[in-house]
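What follows is chain A paired twice: with chain B in the first complex and chain C in the second.
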Partner chain A sequence: MNTESSTLTIISKISGKSEAFLLQNLSSKGLWDSFLHIDLVLSLEETFKIRFDRDDVAEMTTPEKVLRLIESKLKSDGR
Partner chain B sequence: MKHSIHRQGLTYSLRPVTLIDSAAIVQLRNPTSERNCFINPISLDTKLQDEWLLSYFEREGDYYFAIVNNQTDETEGFIGIYNVNNAAAEWGRWILREGSLAASESVDLLYKIAFNDLNLNEIYSRTLESNKSVINFHDRLVGCRYQKIEKHVEINGIFYDAIEHRLSKVQFLKDVQPKLESQATRLLTRSMSATFKGLKLHHIGVACNEIEADFVTFRIMGYEREGLSFADPIQGIKGMFISHPTQPRIELLENLPSRGTLNRFLENHNKLYHLGFEVSNIDAALEALTAFRARILSPPQYSSYFNSNICFLVMSNRLIIELIESPGL
Partner chain C sequence: MKIDLQHIIFSSAPTREDLLLHKQPSTGDKFVVQVFRNHTFEHVERLMGLYLDYAGVSIDFHYSGYDDSFSLASLDPEADAVIMWVDSTRYNVAEFDTFITGRLEAVCSNFQRNIFAACFGSNLDISSIHQRTRNQVTLYEFNRLQRKLGADVVDERLEPFSGTKLSASACQFLAKDLGLNYLPSLLLPNLKCIIVDLDNTLYQGVLGEDGIDGVKVSVGHSELQSELKSLAQKGFFICIVSKNDRQDVVDLFKIRDDFKIGSDDFTIISADWNTKASSIEKIALELNIGLDSVLFIDDNMGELLSVHNSHPDVKLIAAQPDALVTVDILRNFPGIFKLHSSAEDALRKADIQSNQKRNTLKASLSLKDYLISIHTNLIFHCNKADHAARISELSCKTNQFIFSYKRYSSAQVLKLIDDPEFAVVSVTLSDSLSDSGIIGAVFVERLPACGTLQECFVSCRALGRGLDELIVLGAIQVALDHLSKTALNIQFCRGPRNAPAESFVETRVRTFLNSINDFHYSIDNSIATVSINQ
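And then the complex of A and B:
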């Protein structure tokens, strides 16, 4: 599973924004609201079998930060 | 106003705000925080917040709530209903701690209070137009925008336009409640997995007419006594643990004289009648399971055998489980 591609697919599906748009706006905040933020957290946890703590959830404000966070979590899990 | 409305959700609950909440309100609404640029600034002085709350307690038609995490009992935010008039009211003062996942359930609970406890027919919110994230939240839940109110709010000398969303009770029940409840259910499943991380099967409970007679059968398979049998007068049973090098531990149980705790299991030949699990926090596990319609057969109480608290529950599928607190898990 390609982490970046899978993550962008999930963000795209939840936010309703195309992957191309997300790639052009990796550092943009406000691409999803707080309702979708919960959906995003739950979907990413289910897909990657990881667990976000409160600081992680607060940190996930842009597509890029979400990507880096997941890569970091998978790396610390030895995956 | 001083009120007593509580609403319990799956992961979060709403309770009335009290003076104890002053410091938390000030901390969350800290005007120096970038994320609070869309809300009315308040003083960092807790005493002034106390005064505001004291005047709020006297104000009719104003219901201010703390958003509390059911598992940690921590306050994660605040939300309110005010300006109640002709079966309609405004809601707002909504703020959550960074990293909180209480957004949807806190709003669901607020709507339930508005439409069920307060018997309102309609509720509305007014959000600064520049607060895109919250506007999107309302757009998603409520659908169409009701109106734009120009120069609705003045913050630090600047006037801001607001967008008003209105939600009727009928629309809530039909369209909004299912979305919010669905997400709340997913969140509960998530929190359950945290509660039961490290869950460990401790033993299988076997109902016996006579422990020693059943033990003979298990000895054939290589089981040995772990220790002496013990009596539990509260449960009305006598028990003995037996173990095997590679197989699950088993607890053999028989009724104490003149007691009938195990009768229905014995009469139905239901020998394997309970599962015992070790959990790190028995209260959290109990709360999580009762949220799933488990009924408590015996509340947590100290067991000298385990040197910790144990309790028994019957699950909605009639499976009996025993929880054994093992903080080291």
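And then the complex of A and C:
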């Protein structure tokens, strides 16, 4: 599973923004609202079999931060 | 037909993503529900589209701001229902019950329709609410959620972001429970009749081939039989439509003592070789109910399709090889969940079965002798507040003998009972064969020149006994007497299915339609014992 590609696919599906748009706006905030934020958290947890803590959830404000967080979680799990 | 949705909901366990992608239907009955909350309800609403689609309802949710005080400033009296979505853990526990009960009473006094209150973290007891308005409020039983999810009900980790302590799993469970059970029952009349096939539906096997001793009752089928028996006790008509030899079916229920349901639990057993569509139509006619209040359960998709093609209003369940799945579908089928039970629920089946005895008697005697022989007892009750819930129930589900389709809520009935310019006369009926309870009501308003009949409805169970005239005209006379009026004007609105009422109006009281005339009806005590309870 390609982490970056899978993550962008999930963000795209949840936010309704194309993956191309997300790649051009990796550092942009405000691409999803608070309801979609919860959907994103739950969808990522289910897909990657990981669990975010409260600080992680607060940190996930841009596509780039989400990507880095997923990579870091998977790395610390030895995956 | 919603069979495809049945599979998604009950057999394949939809994921959160499936639910988020399924939008509410644009067709079906449309409603507005106002949500007052101090924690987020949207996470439940966003998962509810599939379930509301299955239920055939479309709901526009109007939200208040987050408000721990529940000031109800934006209460919309025109909304179809109100939801009070409360997180009680945000309050001082000792004061919570008093506070929220007060707020519920405030909604009741300003809102006439159903109110649904879900108080997370509380075992709220609303028995202190005035009895007259208690039926207007339905409390969510959070133990349904607790039983299913245990400790997983709460997710405090996500609370700062989601605006609720309820976990994602809890929101998903609530979407299903509210979407299939509570909201359809708050907004639509309950179903009245469940018709069940026999072979591979009520048991495993084919009666004609496997024989009486050969058909099997699995754990699931046993559960299904118990569930149907329980629904019969709650007032649903349970009937059989089966392509089998009638004597085989009669013997089956006599011989198989491992069946959890007996022939006495069924209102009508139709076992012959007619099409199932025609048998279902015949049952609806005999019970005097509309096909849209019938649910048919069969394992054969061809039979289901055939019934759907003939009667698109009949609701359908495709019985599953694992009958436990069928039980789950039946328990969660929209229109089955009862918000409140009434005394009339228990009377219903006995009353219909007594109708068959009445018909036999009627055939052998003159109408007058027949009515005298069964000791008919009719009571007219004027402005009786404890009849309000049943009057409201009747007004919402009567389709055939109804004059104006006003569809009163319990609170609206109570308001009119309290109004000195109105007379609300309810009618109870009993005879030596059965007690039918409250079977009809009239609403008359006092105007300067006359009393105006705003609404009149009579239960299908009471019609055709030769008492229609006495019930309706007697009730009108009692109402006019109560309002000290001698002249009458009648309002009537032709609807899709109220031809029986229209025929009555045409033949008995046409002169009062859109004009004012003197009215006098002498209540005939010779055919029934009639009393008036002012």
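In this section, the second predicted complex is superposed on the first by the 79 of 79 C-alpha atoms of A that agree within 3 Å, B and C clash if a C-alpha of one lies under 4 Å from a C-alpha of the other, contacts with A are read in each partner's own complex, and residues count from 1 in each chain.
Criterion: a contact is a pair of C-beta atoms (placed from the backbone, for glycine too) under 8 Å apart; a residue touches a chain by one contact, two chains touch by 3 or more.
Bear in mind the structure is a predicted one, so any value in this text is a computation, not a measurement.
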Message: Quick check for you: in the superposed arrangement, does A:D55 touch first (chain B), second (chain C), both or neither?
response: first
- prompt: Does chain B (first) or chain C (second) touch A:D33, or do both, or does neither?
  reply: first
Statement: Between chain B and chain C, the one with more contact residues on chain A is chain B
Task: Kindly list the residues of chain A that each of chain B and chain C touches, one partner per complex.
output: 34-35, 37-39, 41-42, 53-54, 57-58
Field: Of all residues in chain B, those that touch chain A in their complex
entry: 96-101, 103-104, 132-134, 136-137, 140-141, 179, 183, 186-187, 190, 194
- request: Under the touch definition given earlier, write down the residues of chain A that touch chain C in their complex.
  value: 13, 34-35, 37-39, 41-43, 46, 53-54, 57-58
Message: Can you tell me which positions in chain A touch chain B when the two form their complex?
response: 30, 32-39, 41-42, 45, 51, 53-59
Message: Going by the contact rule set out above, which residues of chain C touch chain A in the complex?
response: 16-17, 20, 42-43, 46, 157-158, 160-163, 168
